[in-house]
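The structures considered in this document are given below.
Below are two complexes that have chain A in common, paired first with chain B and then with chain C.
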Partner chain A sequence: MSAMLLNKEKWPEFIGKLAGKNLWAPQAEGDAMHFAQVKEGETPGLDFGNTRVPPKKFIFPQTETMYRFQLGGTNIEEPVIDDEVVVLGIRPCDARANKIIEKLFKWDVDDPYFLARQEKVTLIGLTCTEPGLNCFCPSVGGGPASTDGLDILITDLGENYYLEALTNKGEKLLGEAGDLMVEDKGDGAKAKEKLVAAAEKKINRTVDTKGIPEGLPGLWEDPLWKRVSASCLGCGTCTYLCPTCHCFDIQDEIEGFDARRCRMWDSCMFEEYTLHTSGHNPRPTRRERTRNRINHKYNYYVDKFDVIACVGCGRCINLCPVNIDIVEILRQVKEAL
Partner chain B sequence: MDIEQLRKIASEVVARDDVKCLIGWKKGSYGYRIAPAFVEDTEETADLIFSPLCTANLATYLTLVEKLPVPRGQEPDTRKVALMVKGCDSRAVTQLIVEKGISREDVVVIGCPCPGVVDAKLLAEKYPETEEAAEVKWNGDGFLLIRGGEEIKIARDEVLAEKCRLCRYPNPVISDLMLGEPVKPWDVPEDSGVVEIEEKSIQERWSYWLEEFDKCIRCYSCRNVCPLCYCQDCILDRLNPTWINRAVNFSENTAYNISRAFHLAGRCIECGECERVCPANIPLGKLNRKLAREVREKYGFEPGIDPEGEPFQASYKPDDPEDFIL
Partner chain C sequence: MTTTGNPYIPHLATVEETWYETGGERCIKTFKVVFDEEKVREAWSHRPGQCAMIGVLGEGESMISISCSPTEGKFLRFSVMRMGKVTQALHQLEAGDKMMVRGPYGNSFPIEDWQGKQILTIGGGIGQAPLRPIVEFVKANRDKYAGLTMIYGARTSGDLCFKGEFEEMSKSDDLSCHLTIDVEEEEWEHNVGFVPQMLLDLNPSPENTIAITCGPPIMIRFVLENLKKLGFEDEQIYTTLENRMKCGIGKCGRCNAGNMYVCKDGPVFCYAVLKDIPEAFA
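On to the complex of A and B.
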């Protein structure tokens, strides 16, 4: 696979090459960044912190129509997922998250919606040279330049961008803009390595995960769960904003005679999440729900798919309204082991 | 703020036989975060603080309790909850009493007269957060930021939360115990900070909210944090019939946000929590304060002031001229 250098002066031209495609990039909205479609003539920059809402929506939209039907009718109309999407500036943690949840969507049955979308998306990642305050990706198997799940990785070297093609999709796309770039003779790779090492040093928060997956079952009734969940509001913030959270609900929505069956993000922190029709709820309070959130990520998922379902993006910490901090919870778990 | 006095009062309160726990604030895990503290014994009172970072309205926990069925032969725990409240928070407690969501005897109110809190986002923008849990103090007319051995003086207007700029009740309206002396209320703009939106044309207003509601991810953080959103059976969670579809799009998001705002008309006590927690940065405060202003000006009613008062949405006057409908 090739590694190229792109002079920043050529950046607008590079974007121009992508312009014919359905291109999405982070854009500022108030004090937060979010992924928005790049309109003609716009040149998104790559100078930003991570987006507030993770880009999992490109593969796992918050609301996905499974099929449409008419009340009283027998015809089912399935949507066609054939939009090519190019996502520019996705962070390594978020790209890794897609690979992690893919394991679930490929388990027992292949999920047609998820896999069709994944097929159609090209992910152009951006190395994190300025990690956020609550990033802890190296603790959970990632890193500021992790390439897992990416098609291309861009690193900002100052004067130049260093672009690495990581898959055939990425190679093809870089090829289309080949005349704007020069091949890297090794200097780019070296400069990148230095930047990445510096970035890793800037990461302050760490979790020592050793022993946690095996130890969690033994802590089922530990008083720590009551302690760490006492202030939880039971909102969807930590899960909706988590790139690896993948729970969904399926509901029918009817307007007049038009109906559709759709699936939408759900959250294990919601009260009705495991509510049975009988009125019984196996996770009756926020203590059990918080315990589930941690166990799902650091125990069940590891047990089933051999990988921790948390990429250390820090979003759940940044945005929890009451400072419930997963790093702190895991520290307490460790202590209780 | 006399922290020793706080800890003394708190120790006495948690030592009482009729008190289950005290809910207050403590330092958070990093930066400008504070965390709600659930204190059950006197030792833990050492964690308690009251500072300009104590934005969270803890009154929400009064109705957030999820009760498990009490095993046969055991008695339910009916002891009181002690709660630290600022002026705005005390209005939430009062409104809950008015609505009979809680009864006065269920709670020990520890009033904290409040010179105004900071907007932590604004503070972090100007003075970037670090991993260290920083401290902020009231300092004359402004604030003092202490971190890494360094002390930074900050002018009040620079980082004061918007809700505090508009606050008419900085002193707790009810309390059993009071921390320190009442503060002198400050002049507030009459318009509740919404005149800018009121002056827009209907079309402009619609497109303004269209853009805002479009960002909503329906995490329901605003509902869950709100001390006055405590319906056991919320229409949002109803599936049969479905009042508001779970689908996230402009139409459903608008239905959600408008229903919530209307349900809080004459009940919202302007604590600003909904706006603070919204991960999509939707200016929910503007919406709620607009309705609060309408209710205040058209009906002369303000929620959460008098525990003996009437609940606005459930009051009816036979001689109502009915010359408009809210």
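On to the complex of A and C.
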């Protein structure tokens, strides 16, 4: 796989090469960064923290049509998913999350929507040189330059961008812009290494996950669950903004006679999520729901798929309206073990 | 089973027959349905204990126990209590109407492993629906099982499902059927009392026996307790769990009890496994 250097002066030209594609990149919108489609002539920069909402919509849209039908009819029409998408500037944690939830979407029965979208998307990642305040990716198996799930990784070396192709998809895309870049003779790789080492040092938040998956079952009735969920509002922000949260609801939507069955992100922090029609709820309060959220990520998912379903992106900490902090919860879990 | 490759796409089926099992606001209606397409009919196979997602386009889907045994023929039966939006819509369906069905989902009762044993089913209310396929399967393969005892109860005689089917069983020597209702009623010839107590009164021997119980959670809890009192080992006891479900194939997340997805790892659980699942009886 090739590793190239691109002088920043050529960045607009590089974007120009991608412009013919369905290109998405982080752009400012209000007080936050969001992934938006790059319009012709626009040159998105790579100078940003992370987007508020993780870019999981490219493989798992917030609302997705499963099939269409006419009200009163029985004919089912499946959507065709064939739009190629290039996502520029996805952070390594978010790309890694895709690979983590892929395990579930491929578990025993393939999820056709997820897999079709994943095949059509090319992910160009961006090494984190300035980790966020609540980033803790190294604690959960990631890192500022983790390549899992990425097709290309870009590292900002100052004067140049250092671009590494990681998959055939990535190699092909780099090839299309080959004349803008020079092959790296090793200096780029060395410079990247230094930057990554420095970035790792800037990550302040850590949690030693050793023993947590095995230990959580023993803490089922521990008072800590009441404590850590006491201030929870049940708003679901933590799950909606989580790149590894994959739960969904299925609902029918009707407009006149045109109808569709669609699925949409759901949240285990909502009361209705597990509410039986009888009125019985196996997870009746926020204590049980919080306990389930932590257990799902740090125990059940490890049990089933051998990986923690958390990438340490810090969004659930940054944006919880009442400052519930998953690192702090995990610290209390460790303490109780 | 899927013929399109997309497991979320339901198959068109025709309702052949319907009848009410019980009355009242939460009435239970049984649907006998047959897939429209021959290749779907041929490819379909289910085992006792499995479920299917059934629904009406524009209204939604619900996970419902398949209440017939594959030994009964190339059709499906669902007994549905009228509870929410989807089941209300299902209750509108009459013979000749179309229903959407996908599945079958979940594991099943390891009924083949139980050959040579006494089968004891203990049901309450609509909980008889997942047990009925066991009863029918054992009846159809009578020479392979040592015997069948059925305990079934409901609040009133009007709340018992499949009533017409029990008469014949009561007459048989080695298929015994014991019905009970919570409170005394005129002209009721069977037992009066709760299911867990009736189990104790009957005092079945645990020797070479498998006990399967389905019903309201409170009933299951006491039945399990009483089975233990009677000397049943955890490995001899089976039950089914239910939880809210959307996908049926282990993706949508919500039906987990601990690290088990009820839709895939269940709905059938041996008590030896179930007793260690923290949320199983939540």
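Here is the rule we go by: the second predicted complex is superposed on the first by the 337 of 337 C-alpha atoms of A that agree within 3 Å, B and C clash if a C-alpha of one lies under 4 Å from a C-alpha of the other, contacts with A are read in each partner's own complex, and residues count from 1 in each chain.
Keep this in mind: a contact is a pair of C-beta atoms (placed from the backbone, for glycine too) under 8 Å apart; a residue touches a chain by one contact, two chains touch by 3 or more.
Owing to the predicted nature of the structure, the values given are computational and were not obtained by experimental measurement.
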Query: Should the pairing of chain B and chain C on chain A count as a clash or a fit in the superposition?
result: fit
Query: Looking at the overlay, what does A:Trp220 touch: chain B (first), chain C (second), both, or neither?
result: second
Query: Of the two partner chains, chain B (first) and chain C (second), which one does A:Asn98 touch, if any: first, second, both, or neither?
result: neither
- request: Check the residue A:Asp249 against both partner chains and state whether it touches chain B (first), chain C (second), both, or neither.
  value: both
- request: Could you tell me if A:Arg261 is touching chain B, chain C, both of them or neither one (first, second, both, neither)?
  value: second
- prompt: When the two structures are overlaid on chain A, which partner does A:Asn160 contact: first (chain B), second (chain C), both, or neither?
  reply: neither
Message: In the overlaid three-chain picture, which partner chain does A:Asn50 touch, first (chain B) or second (chain C), both, or neither?
response: neither
Message: Just to confirm the geometry: in the superposition, how small does the C-alpha gap between chain B and chain C get, in angstrom?
response: 5
Doubly contacted residues of chain A, that is, touched by chain B and again by chain C: 249, 251
- request: Could you please specify the touching residues of chain A with respect to chain B in the complex?
  value: 29-32, 34, 52-53, 62-63, 133-134, 204-205, 230-231, 233-237, 240-241, 249, 251, 253, 262, 264, 267, 270-272, 284-286, 317, 319, 321-325, 327-328
Of all residues in chain A, those that touch chain C in their complex: 66-67, 69, 71-74, 76, 78, 104-105, 107-112, 217, 220, 246-252, 254, 259, 261, 263, 266, 268, 273-278, 280, 282-283, 288, 292, 295-296, 299-300, 303-304
Query: For chain B, which residues are in contact with chain A within the complex?
result: 28-31, 33-36, 38, 56, 60-61, 64, 66, 68, 121, 125, 129-131, 215, 217-221, 223-225, 237, 239, 242, 245-249, 273, 276-277, 279-281
- request: Mind listing the chain C positions that touch chain A in their complex?
  value: 4-10, 12, 57-61, 83-84, 87, 98, 100, 217, 242-244, 246-247, 249-254, 256-259, 264, 278-279, 282
